[in-house]
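Both of the next two complexes hold subunit A, though its partner changes from subunit B to subunit C.
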Partner chain A sequence: MSTFSLKTSEFSVIRDENKCIKCLACVRQCGFDCHQYDEENDSLYTIDANCVNCQRCVYICPADALKIYENPKPMRSNNYWSANDLKNIYKQAETGGVLLTGMGNDKAFPGYFDRLVLNASQVTNPSIDPLREPMEIRTYLGRRTEPIALQKQKEKDKTQTPIVPIETPIMFAGISYGAISHQAFEALARAAKEFGTMFNTGEGGLPKDLYQYGDNAIVQVASGRFGVHSDYLNVGRIIEIKIGQGAKPGIGGHLPGEKITEEISTTRMIPEGTDALSPAPHHDIYSIEDLRQLIFTLKEATRYEKPISVKISAVHNVAAIASGIARAGADIIAVDGFRGGTGAAPLMIRDHVGIPIELAIAAIDQRLRDEGIRNSVTLVAAGGFRCSADVVKAIALGADAVYIGTAALIALGCHLCQKCYTGKCSWGIATQDPYKTRRLNPELGAERLYNLLRGWSHEIKEMLGGMGINSIESLKGNRLHLRGVGLNEVELNLLGVKHAGEAI
Partner chain B sequence: MKKVYARPAYCMNCHLCEVNCIVAHSKSRNLLKAFKKEKLRGTARVFVEERKPISIAVQCRHCNDPRCVAGCISGAMVKDTETGIVYCQEEKCVGCWTCVVSCPYGVIRPIEIDGRKLPLKCDLCKEYEEPACVVGCPNKALVFEERGAEV
Partner chain C sequence: MFREGEYRIPSGCAISGFINKDGHRVDGSAIVKSIALMHERSNGLGGGFAAYGIYPEYKDYYALHLLFEDKESRNQVEELIKDNFYIEVEDRIPSRNVKSIGKAPMLWRYFVTPRLSKIEEAQDTEENFMTELVMRINASVSGAYVISSGKNMGAFKGVGYPEDIGEFYRLDEYKAYSWIAHGRFPTNTPGWWGGAHPFTLLDWSVVHNGEVSSYGANRRFLEMYNYKITLQTDTEVIAYAIDLLVHHHKLPLELAAKVLAAPFWQEIDRLPAQERELCTRLRVVYGSLLLNGPFSIIVGFNGGIMALNDRLKLRPLAAACYKSTLYVASEEAAIREICPDVEKLWYPKGGEPVIGRLEEEAQCRLSA
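Up next, the complex of A and B:
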């Protein structure tokens, strides 16, 4: 480095020379050229400035000789100007660019999941042991038919789309092929098929060789319309119109040309090496009426055989927007909260735009119920589900099912280094470099994802049993099973829950 | 016979198969001792060939008609009639390394142990249930299986 820079190394890689056997696995596996080997001296050294703390070397080292430490902040402590603020300003002063980042919002906003607690049965209502008694967590996606009534049989509604069952209320969120490697994408598809749930193609189309997983695919139609054609729409089980993404509400996407390899260019139907730009809005949707047109265009194109989902990010007026979407003819509404992940987003947008998913779920569920249209849509929540308890709480707040994206990638090895936008991912997930993508064996990846779904599903059953209910349907929107801890009046009202200690 | 097969689509060039091979064939069977005390670095019997982005681990194919056995001048290199494993009877070996040059896969390593020339090659870890390279591969890029007769 010859030019003077105010940027400092965030991390130090410490090598225990007593343990290092010089096998050079770290050098070969580091995606960011931090580990170096000097052949002349037969010695290893590190360039700390390159380290992003993705932990790949730490895990791959057979001798357990590597540790990564966060460097002490080089600035004087200040309660207002954080070290990150300074670092970002230095970076921008040098580059003049927009700050980019990956994955979800990591700011210390108070989390509502962490301040909600669940109920359990004691004495007066028996709890259920899911290992001994049946426990139903199968979930149905799509528009419910009108209740059966003893009336003259009406003509069958030809615009009714089918209901899609999933074996657990957990699905994989939209992560496009292009943002992640084919291997990671395939792992998601395989796991979804094996478990009987859905994966979401994201906006990058579905590669031909993965059409075999079509029955478990939610195929996305986003503002860039990448990879959207008749076969694609018909091979999926559900079609999702992506309006917004929790990590970057209101803005589009940009997959750099370097990532558009031959296969991705074929899948996305754009020339090789050109940037894939997703506009911020759909250029044919400027109102609910426009959205209705697209929904029915897609339904017509698939002969009313596919439920249509509309995915929006959780923003201030989300309840009213959701109501509009339900009335526009969507069968599923997917809402992505501000903790939702991304392959690349401007830092300011990711960290400062959007609202928490907990509040969005409660607001939408309440609004749709008040309007008497809750039954006409399935509500899918997304954005920062870290564990099965988050899922249960979301369902109790009113969601039908959830998407997990970040958690799924973590199961594949992601360590949240937030450098997805560089395309250098050492774990072979968010990269198209053929040297790195082969690190993720889809067989092993699918197994890990399956295990995650299995574990969470078991835990959900346990929690349901504890509450004395034997079906996930009985939990949906059942906010009496929730209590807030340390929430103020406004928050309790918005969430529609009582404070811990209050009885029914 | 069961052999080790590489799956290049999943080989990530970490060379941990080499490390595991070395440890499995060390006296101590301990990673740090094998490398630090026994100084076994560079004695792996599996070789990761790399031409980025592709890499692949190769080791003795235990051929049906092994050239190393045919070329051995002292009769030290033999193919076990029961297990099919090709191995060197070190007490008979004269260290001419004809086997090294005759191996079409280049997977016999010429080394000197205590001043004595010997060939080092894969023995399919016959003392273990499964070869160490296969067990230790973090990405299942190596498999140990029966694939029928080979040319």
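Up next, the complex of A and C:
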């Protein structure tokens, strides 16, 4: 109907002509065709409407000639209707489509991590210096044997899956090969191996050339069953049944055919160029007893040598669901909060479905304790961990370990432009275009990820030492080391913490 | 002001204890002398003792030492006791007037055996039945508190310096084969006799010096096994942890010590395969019972004592032997004070339990 667009550019790209040396790096590097070169006039110009503010050109420009500014809101200020609301309505009025986005929920919901503070020792209890004393953050994943079984060590229970050590309570979250490039995927695998932790394949299978990282792989079985075969299940250390994802609880996934290159088609075991559709539910799981069957099918298929994790998104009834999963035979429960990232999700789902991970951890941990089964499963939390303090707070609330996805991608260069679903990523992360993916060197990427794990682990040790704790298991569920700031009674009760200022 | 149990009070402390492994029973003057030497380590706001083998004539009965703040709580508890037990003897716990000790609560003791019909009704073992009842009194009868509840043992505690508490309870008139003692330096003013140490549960008694930084984790783990935490003290949690591990999960005391003060992973990784697997499993299963932060403890039980340090040894602990007696105390001087000619004296490493048990012959003699 309408012939003109109401969409305006969100950003202005400003080129300092005095500085620009016309090397054209920006033209080549921009994944979104924002920078253009006019050969006839030998001039550079930008199409601001294309800019997603991923900052690639700014970093790459050797003359430091580029700056990106956010444009003023193209409307009169309004406390109810935001510029984003208008933009989305205009967009939908033009296309009639579902709004898509990438990465995690960026809305201004209250963040509980930011309203929890940690404890430290003074006088009555010495703090411990991690530079002088051993400070233990090794964590074990898997089902803990019922204590009584210690008595009969010799009779090995054949249905007991092994426990898996990780040298830091931080693992890389499931990000599929397909959603991200082989280079990014390999960087995660390498870093996990070097640090002694786990990476998660996501739902896109594991390329054969990365089988060497199998001991550090959590291999996912999702509703699309992409790349799931006997070798795949057996090469990983842990198998994860993916029920849901924090960024898009209740819905499936869609990897567009353009991203299904030859390699990805081989790994995923689907024809090249076809869309990879993950159904919303597993078509063999319509109830908890079906989940139990799948858990034991996978255990049987791997001779009880692999712990089974079940990943769910944090939704309203998450505690009861988690309890059901524990009883269904899962060894690990992974829960993904509403800040969790994604390669592609409908905007409405990402921003409005699910609950904060802090509340989910607290509710699950307490519920499993009330039922006396907390010790039999490992609880892994995911969804928006920004720094080591978030990790410490999650563990104090009751998690055993955490997954980081967004933070890991940021370490590789991601700038949260939220355009992963376009496959145009200028940083070579969320794209399959060989011209772009080769920007990311897996070896250097792995080093950056290793450094991130190292830095966070050091900080965790410092925080533990300050609390007078020298082993991470003494922090787990130890909510006395947390205090709330500016939380109301209900929130404090749900989190199981006291308010700052209250004594122990 | 809240009363102890309603909030947490960090304390510094002195501890001392000994066991005559040959079963020879001695009166309380030695232990009082030993703990009195460490006067500086307490501040007059708590002292207490536990003694084993003091009631040979009633050794088959549970000796309930109780504290009442008023008549009403006593009536309530007595009703509970009469409902569930046969009472063999009941009397006031003998005491002397001591100037430095303020107003004492009513202190009573009952020698009882549980009614079989009640145990059957509860569908539980006798010990669990007892534990349940003790916890019920402590948690639900306000003004009453069970100081100790084991057989042929008793705890004596109150607010004051330990030497004065010893004088108050006339400990020179009891004879025991093992004694443990505690002098307290709380950072608050608790003023409640029940809050002093030792903390006991049936046979177990624990005295403790330190502040456990893993308290929240330990506590929430124990609550999963239906322990009712009423005092908010580390000592209470330690006693329950030992009870869970040794009594319910049947771990030998040596392994229980490896749970409470677990070896570091770097040590575990170097162990031979079988031992490594055992230690790994212990840490993985019981990680939440690891006691973190500084502590030295003495645990008393029927037939023995165990002393243990945190794995970094952030609190002092010395041990010594003389003939068949094992001594443990916060300070070497507290041992030498009562045993000047020690044969062997050492400072146990962090996480290394010192365990003394009655010799078999003595054990038989005492239980005969």
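Rule of thumb we're sticking to: the second predicted complex is superposed on the first by the 493 of 504 C-alpha atoms of A that agree within 3 Å, B and C clash if a C-alpha of one lies under 4 Å from a C-alpha of the other, contacts with A are read in each partner's own complex, and residues count from 1 in each chain.
Quick note on the criterion: contacts are C-beta pairs under 8 Å (C-beta built on N, C-alpha and C of every residue); 3 or more make two chains touch, one makes a residue touch a chain.
These numbers come from a predicted model, not from an experiment.
With both structures placed on the common chain, the touch criterion links A:H481 to subunit C but leaves subunit B unconnected. In the superposed model, A:G97 makes contact with neither subunit B nor subunit C. Number of subunit A residues touched is higher for C, counting subunit B against subunit C. Residue ranges on subunit A touching subunit C, taken from their complex, read 121, 124-126, 128, 133-134, 136, 138, 140, 144-145, 147-148, 150-151, 153, 163, 369, 372, 374-375, 467-471, 473-481, 503-504. Against subunit A, in their complex, subunit B makes its touches with residues 9-16, 18-20, 31-32, 35-36, 41, 52-54, 138-141. Residue ranges of subunit C in contact with subunit A, taken from their complex: 7-8, 10-12, 187, 210-211, 213-217, 220-221, 223-225, 232, 249-251, 255, 262, 264-266, 277-278, 280-288, 290, 292-294, 311-312, 314. Across the interface of their complex, subunit B is touched by residues 18-19, 21-25, 28-29, 60, 62-63, 428, 433-436, 438-441, 443-444 of subunit A.
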